[in-house]
Amino acid sequence: MARVQLTDVTKQYDDVTAVDNMNLDLKDGEFICLVGPSGCGKSTTLETIAGLTKPTSGEILIGDKEVTNLPPKDRGIAMVFQNIALFPHMDVYDNISFGLRLRDFPQDEMDERVDEAARVVRMKGMLDRMPSEMSGGQRQRVAIARAIVRDPDVFLMDEPLANLDAKLRVNMRTELQRLHKQLDTTIIYVTHNQAEAMTMSDRIAVLDKGQLQQIAPPLTCYNEPANRFVAGFIGSPSMNFADATVGDGTLDANGYSISFDTSAIDGVGNGDAVEFGIRPEDIYLESNSAEAKDPSRTFSVTTDVLEPMGDEIFVYLKPILDTSSEQADFEERQGLLMSIDPSSDIAEEEDVEIVLDRSHLHLFDDATGDAISHGIVAGAGVEADGESAQAD
Amino acid sequence: MARVQLTDVTKQYDDVTAVDNMNLDLKDGEFICLVGPSGCGKSTTLETIAGLTKPTSGEILIGDKEVTNLPPKDRGIAMVFQNIALFPHMDVYDNISFGLRLRDFPQDEMDERVDEAARVVRMKGMLDRMPSEMSGGQRQRVAIARAIVRDPDVFLMDEPLANLDAKLRVNMRTELQRLHKQLDTTIIYVTHNQAEAMTMSDRIAVLDKGQLQQIAPPLTCYNEPANRFVAGFIGSPSMNFADATVGDGTLDANGYSISFDTSAIDGVGNGDAVEFGIRPEDIYLESNSAEAKDPSRTFSVTTDVLEPMGDEIFVYLKPILDTSSEQADFEERQGLLMSIDPSSDIAEEEDVEIVLDRSHLHLFDDATGDAISHGIVAGAGVEADGESAQAD
Amino acid sequence: SGGGDSGDGGSGDEIGGTVTVFSGSAFVDIGMEEALHDAGVPDSIDIEMVVPPQDSGSKQQQLRTAINAEEADPDLVLTDNGWTIPFIVRDDLVNLEEEMDDEFIARVREEGVQSMIDTGTHPETGDLYSVPVFPDYPVITYRKDLLRDAGYGDSDFESWRTDPPTWAEFTQIVAEAQSGSDVQYGHLWQGNNYVGLACCTFNEFLTSMGGAFFGGEDNLFGPVGDRPVTLDTEESIDGIEAAVDIIHGEGLSPMDIEGVSPQEVAGWIEPDTKSTFEAGSAVTQRNWTYSIGGAVSSFEGTDMELGVMPLPQGPNGSAHAQGGWIMSMNPHTDNMASAKEVIKAWWEDPVLQLQFDEASYMPPKPELFSYVQESEAVGPYFEALQYSAQNLMPRPTTSVWPNQRSIVANEVNAALRKEKSPEEAASAMQEQIAAIEEQSG
Amino acid sequence: MSIDARNHDDAETFDGSGEETGDEENKSRIARWADDWIKNPEKAYAVMLVFLGGVLLTTSLFPLYWLFNVSMAPPGQTDIPLVPATFDLSVFIQVFQQVPFARFMFNSLFYAFTVTVFVLLVGSLAGYAFGRLEFRGKTPLLFSLLVLSFFPPATLFIPLFRAFNQQVPMLGLFTLPVEIYGTPAAVVTPLSAFTMPLAIFILTTFYGQIPDGLEDAARVEGTTRLGALFRVIMPLSAPGVATAGILTFITVYTEFFFSFLMTGNSAAEWAPVVDGVIAFQTQYTVRYDLQAAASLIAIVPVAILVVVAQDKIISGLTQGALKE
Amino acid sequence: MAVEQGRTETASSPDGVLAGLATRTENLSEQAYAYMLLVPAFTVLLLFAFWPLASAIRMSFFADVITGGQLGEFTGLTNYVQLLTNTNALAPAAFVDPSFQTPILEQALFMTILFAVLSVTGETLLGFLYAMLMKAEYRGRRLVRLLIILPWAIPIVIQGMIFFLLFRPGYGLLTEPLQQLGLFSSLPLNTTFDSFVIVTVADIWKTSAFMALLILAGLESVNQDLYEVADVMGASRWQRFRYITFPLVFPVLMVAMLFRTMGALRVYGIIESTTVGCSTVPSMTCLVTQFMFGSASLYGSAAAVSVLIAIVVGLFIMVYLGFIRRSNQSLGLA
């Protein structure tokens, strides 16, 4: 129940800038997911909000009150710590009820709340276990219960579900969402799980190297990433990228080109170096090209590795496009990755025809990485190396 | 490089049987994923293999040598701990090289190996950090490096990637697979991430309440789960379940029925109570029914919540089928869940027609939960409440 | 284990090796070793003076330890004449009467200060176990200058040396001298709850007032359990009262004693009064011989003038507690023959003179008193010393004395602090000491 | 009730910051501090702690200052003023001239060092067993350590003394092959035994607190259980180990009873430093100045030890190790 | 290279030997392994503590010999009976006076218990404060730590001298002020009550450092992460202490208090060295020392008092253990 504002918050460790000039303005009752690569400053951001770490500069407001120098206990927050940190000398009940005991809750209300929290995390019947007698997931659930048993203004959750199995995760997700609705609490939630970020949050804040890259609703981040980094980071498996040049009505990459109406988009001109990206699910086998909104011409490729995932199959295609430099690290995955329906009959080392969905093709500025456009339209240019295959 | 065998291994804590009569036989060089709900005994299993916990009964062989009473150091294992367990008084270099120093490796070889391990986990340049100066993910990566820097016969990894972001996870996955190929080491890998389990492992071992439920290649577990538990556990989102009765050539659930040739399957007869399950991706909108191998008749349903995930949309449908008792817990998700293509136009509270893919419909014994069949074929029975809609 | 037991070690009869003497820091680096060699110790014998680290009590404890351990070192020990007899009684020292030639023993008996010799003699057999090293006498040091101001003169000083004033007169004199000056304290003595109160300072009051611990001087060395305890007699109570009066001036005792001692004396021991007196803060002080030397040097170059007299008299005359140390041999010595040589040499005049010159320790031979008389520092006060030497009273040394002395010190100190009346203190002492006598008899 | 308190807090905070923007300059320094502390209770707390500590320290240090004062007083003077009348450091040299004080110190340092190393080593093994292993008889054995400390050490003196002098057989079974009375062993062995219970208890407590996870990690990496003890558990228990070490060291260093009675009385005969200090005390005189100076000198090694060890005591090491 | 490795292994001396031993014993069961680890410590204890202790207990059943140094005939419990009925005339003070005519502070048992309670309480409180002071961050704290510990490093003899000189009659710096305030008599070192206070203060002064060190070590071992959690949960300073610090330091605190109590109940040195003397403030151990080292060595009685002391201390320890058990903290003892 509180707005949270970070203004120019920077946190500098000796040689590392963990958080770099961060500006965030979270609405009262909003559910925000913080995502970003390992070490990008998510936990540090939470810590500065919690008051566990004093920012090197900048200020923090919670519910319109400046709290930059307030001790944690006066900030009205509850937190699930990434490192769990249960009190080793207390059993589950005592761990969960800790915050309530601090506030002298009457015993029966305490019991009631602990019971409810334990139910939420499916830990009923284990209230008298000691932390050392529990599994990793159980500990993490106790840590969650310890936070939700209270009614804070802001919840900070640092990968609260990291050690839970998929099914429990889904349950917990639902429970947390229900809690969020019920209490109308502002929640800042760090997660590495895309599904969580996509389904739970009102907005996703993407961080990299301590800097905020984009803060927007999940689908916006997915469909209209602000820059190359967000595009690559959101979505799993990751978007495919390739260097390209804007030609005369075409987008040329490594000799291949896709018809492209440059004029429809501001800021690109003939000869510009750009990077383009396309998500695995926006690449179709020719047989399914009907599903693509704006299919490009077909390309002939050879499949490499297949990764059947159950509900889909990841198909690694041998390179047809230049891989972007950023990808070079991942030595074996230089090819294009596409995701297809598990019922498709496809084998490794098979020649297939594919089409790209032009409407989901993203263009980024080669130098800054900023997004230029999300989706292009076919233009006048001739798609080299094959006939035009526009449908619809 | 060693076979690992567990024979009748049981680990009993005061009131909990953490591992219950476990029998595993892992081939030399195999990559096994251990999966199961939180608290099912995965970590305990690893601990008994590592020698950190003496099983209450049963014996353990590594590479044909009985090791049940051997101390950890003589078992030729390396382990990534779920709780990470870095040595807080050593910097990253010392943590990683700890095992090498114990074995008096020459300095230059040690440097080389540490360097390589640090590269694998992307921690180069942070070798002189102390554990308290790192982010959660960084610590976890150091823990991985500490294990892979050595050449053990068996790797035990307990959720080694839990705190890493999706992208890094994918990279690490690749690195681990490469390592596996290169060293030909037996790897036992605990994960809650289905994608990991599906893509990395030769076989998946599914545990529940300390008992082994199924050990089989990933797709077998996905497509032919040995029992109701495995079916529900593997796959995310989870399979939909409903109670049903075998009718005369039909499968009847809550008044609806699907045509079903009982005779094609052993062990079911008219009037038997069964549970049937179907995965979200095996439910199709009628417009896409062509994709289903063996579509059932259409059902009219109303959509409830939509969860757009980017590459797919989860659609919760208002109940048409009885929900199984097990599901009752998840108060709001009693409806059927289907997964559809993100390009579909569909709204909440919309009436839609769906079909089920009969060839992916699973039947389980209502009492034991054991699988009866994976996929049924249409039979003589009349599909009640609507005309037959078989295609193909 | 007796003296003979381990005295017969292989090297025990040969001359040579090192003789260790458990002496004291005052004997170190003053040339004692040389003097002893000059006095006849063969050069083949090394002599080593060992510093016992502590005061009398701990030294006693350490000696006990060493002897219990059957340690061969030290070969010779200086023991306090106040606690040697229990060692003798237990055969924890060598019977010199048996081991050494009769001529030397006879010489010691003849030449030595009698009271010192008594404290080194077995109370039952009369054998000599220890040879006196130096006697110590209590005396009164006083400020002649202050007394002069109060109207006393050299003739008074002169006569006191051989005929000390009574307690009544003495306190009168001190009171007069103090009132006419700005000196802080009158008469100082050692009244703390400690060993010295029982054996010495209180004993002096007790005896001079006619009281006694065990009926009289004859019973001081025993026999335990077979002697009367006479602490509740009128005279003994007088002794306590005198000590209380000299602090509080309440006129309890039959003598007219004024309160000239500060309350603090009930918490003071020798170093306290010594330094206070030397600082010029008191009119008179009771202390041991060595304090004369300290006062002489402190008063040098000041207006203060030192006088010395024996302890004042009571109805029973003037009583001086016997102090001093005697030398004994460790029964476990492995170097007895050489040790005997050292003992013999230590009885020679030059050694004893050196000891006096360097450490102000009186010679244990009356015939050497003339040497003392001639000395510059102590000479002028010799007469007083001689008087106290003649009026010595031995200490009540028995094996139960350590237990009895703490009772005495405790009760008398309580009386001095007015926590108990003299009668109460006396009856408490009587009761407890009698119980000890009875239990140990 | 708590609501009232909070309102009050808020009001103060608000007032403070409101004024601050107003007339900054007019405000006295104290008022600014006060504001600062209200806003940062941590600071106020620190200031209070320092103030309280200052008071405490002065009272507790006064005796030490006084010791120095005593050492400055002229020989024989027992009337010690509050401020030294003279300032003459030569007593500190005299201490060494009058007795072989360096040797006394060496003796005690030797005892202290030997006992400390031995006790930490042997005590660590026991502490590990008691703190981290389960076995039958644990409670009685642990309790037996305490029983030992029920008795005044003097009680044990006589039997040990006789045994060390080969007068009675050890345990009633065997006579010691050599007489160890008067040798350092006669001090080191009993003092090791007497300081052991405390050390074991301290180490047991600290070793027991190290999370199993870290030992597990070390063992998987290839250490033995003992290896894990020395490489991981001990370093992580540094505060406890250092404390046990300091306490043992100081106890032995200043011990008097056994080291006095079990050795000869000269420095060359392994007498302890306390012997050296009280060597300035004779039947009738005490050189308080030299004693004080000697004690101050005697404290120096301990001070050095403490300075070296304090970084070990102050080392919050367990952070960031575990996720649990 | 294998050879080289082998050599380095053995060459890394103490570690190497130890490692060899450790490897061989690694396969023992936990039980056997634990016993093996206890062998060195208990061997030393057996030889130099338990055995002499047993001999001493045996001694307590034999009569005293006044001339000292030996044991008399077997007398059973006589020594104990005498001590407990205050009928041993040779006892330097009453161990306990059943008639209660002796003032409480002059009965060794009660005096000592009072001393222990007061000093341990004082030391614990002060020790906690000191520990906080040593832990807090500020400039110069290294020095402060040193200064806090130093009193503990002062030999007891010197500690005695310091306090003696402070309370010396006439000259002691504190004698007169305290007398004028009416708190002390003019002879504090001779007055039982005053001396008792002095001895208690002297002990607290010196021994608080012991407490402080142990408590500090305990504080330092608390995982700092837990404080972060508590902070976020809204714990006040007091609550942090109450719920986190105290319970986590509790085991160490118990060890410290346990040993301090045992030490205080055996107090002797400080009494002797302040020259207060055993006759003014007779502690239980005073009796032992005086029986044993007074020139009459009354071994039987000395041993009997020791056993009585042990019983008193033992009873106190039971109280502690009860406390530990109730507070649900495991020291391995409860």
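Note that the chains are named A, B, C, D and E in the order they appear, and that numbering of residues resets to 1 at the start of each chain.
Operating definition for what follows: a contact is a pair of C-beta atoms (placed from the backbone, for glycine too) under 8 Å apart; a residue touches a chain by one contact, two chains touch by 3 or more.
Computed from a prediction, not measured in an experiment: that's the story for all the values here.
Peer 1: Compute the shortest path length in steps from chain A to chain C over the network of touching chains.
Peer 2: 2
Peer 1: Determine the shortest chain-contact distance, in steps, between chain A and chain E.
Peer 2: 1
Peer 1: Once every inter-chain C-beta contact is counted, which two chains account for the most?
Peer 2: More C-beta pairs are in contact between D-E than between any other chains.
Peer 1: By C-alpha centroids, what is the most central chain here?
Peer 2: D
Peer 1: How much rotation, in degrees rounded to the nearest 5, is required to superimpose chain A onto chain B on the basis of Cα coordinates?
Peer 2: 180
Peer 1: Which whole number of Å gives the spacing of the CA centres of chain B and chain C?
Peer 2: About 97 Å, centre to centre.
Peer 1: For chain A and chain D, let me know how many angstrom lie between their CA-based centres, rounded off.
Peer 2: Chain centres of chain A and chain D, defined by C-alpha means, are spaced 54 Å apart.
Peer 1: Starting from the mean Cα coordinates of chain C and chain D, work out the distance between those two points in Å.
Peer 2: 43
Peer 1: Could you work out how far the Cα centre of chain A sits from that of chain B, in whole Å?
Peer 2: That gives a centre separation of 22 Å.
Peer 1: When you check chain B against every other chain, which residues touch at least two of them?
Peer 2: Within chain B, the residues that touch at least two other chains are 71, 73, 82-83, 103, 133-134, 136, 163.
Peer 1: Please set out, as single numbers or ranges, the residues of chain C touching at least two other chains.
Peer 2: 61, 68, 272 - these are the residues of chain C that touch more than one other chain.
Peer 1: Hunt down the residues of chain D that sit against at least two other chains at once, touch-wise.
Peer 2: 78-79, 211, 224-225, 227, 278, 318-320, 322-324
Peer 1: Taking the complex as given, what residues does chain B use to touch chain A?
Peer 2: 13, 16, 35-39, 42-44, 82-83, 133-138, 141, 158-159, 162-171, 174, 178, 192-195, 198-199, 218-219, 222-223, 232-238, 279-281, 291, 293, 307-312, 314, 329-330, 332-333, 339, 341-343
Peer 1: Can you list the chain E residues touching chain C in their complex?
Peer 2: So the residues of chain E in touch with chain C come to 66-69, 88-90, 92, 168-171, 185-187, 189-191, 275, 277-280, 290, 293-297.
Peer 1: What does chain D use to touch chain B in their complex?
Peer 2: Touch residues, chain D against chain B: 211, 213-214, 216-225, 227, 232, 235-236, 238, 317-324.
Peer 1: Going by the contact rule at the top, pick out the chain D residues touching chain C in the complex.
Peer 2: For this pair, the touching residues of chain D are 76-79, 99, 161, 164-165, 167, 181-182, 260-261, 264-266, 271, 275, 278-279, 281-286.
Peer 1: Which of the residues in chain A end up touching chain D in this complex?
Peer 2: Chain A residues touching chain D: 69, 71, 82-86, 88, 103-104, 131-132, 136, 139.
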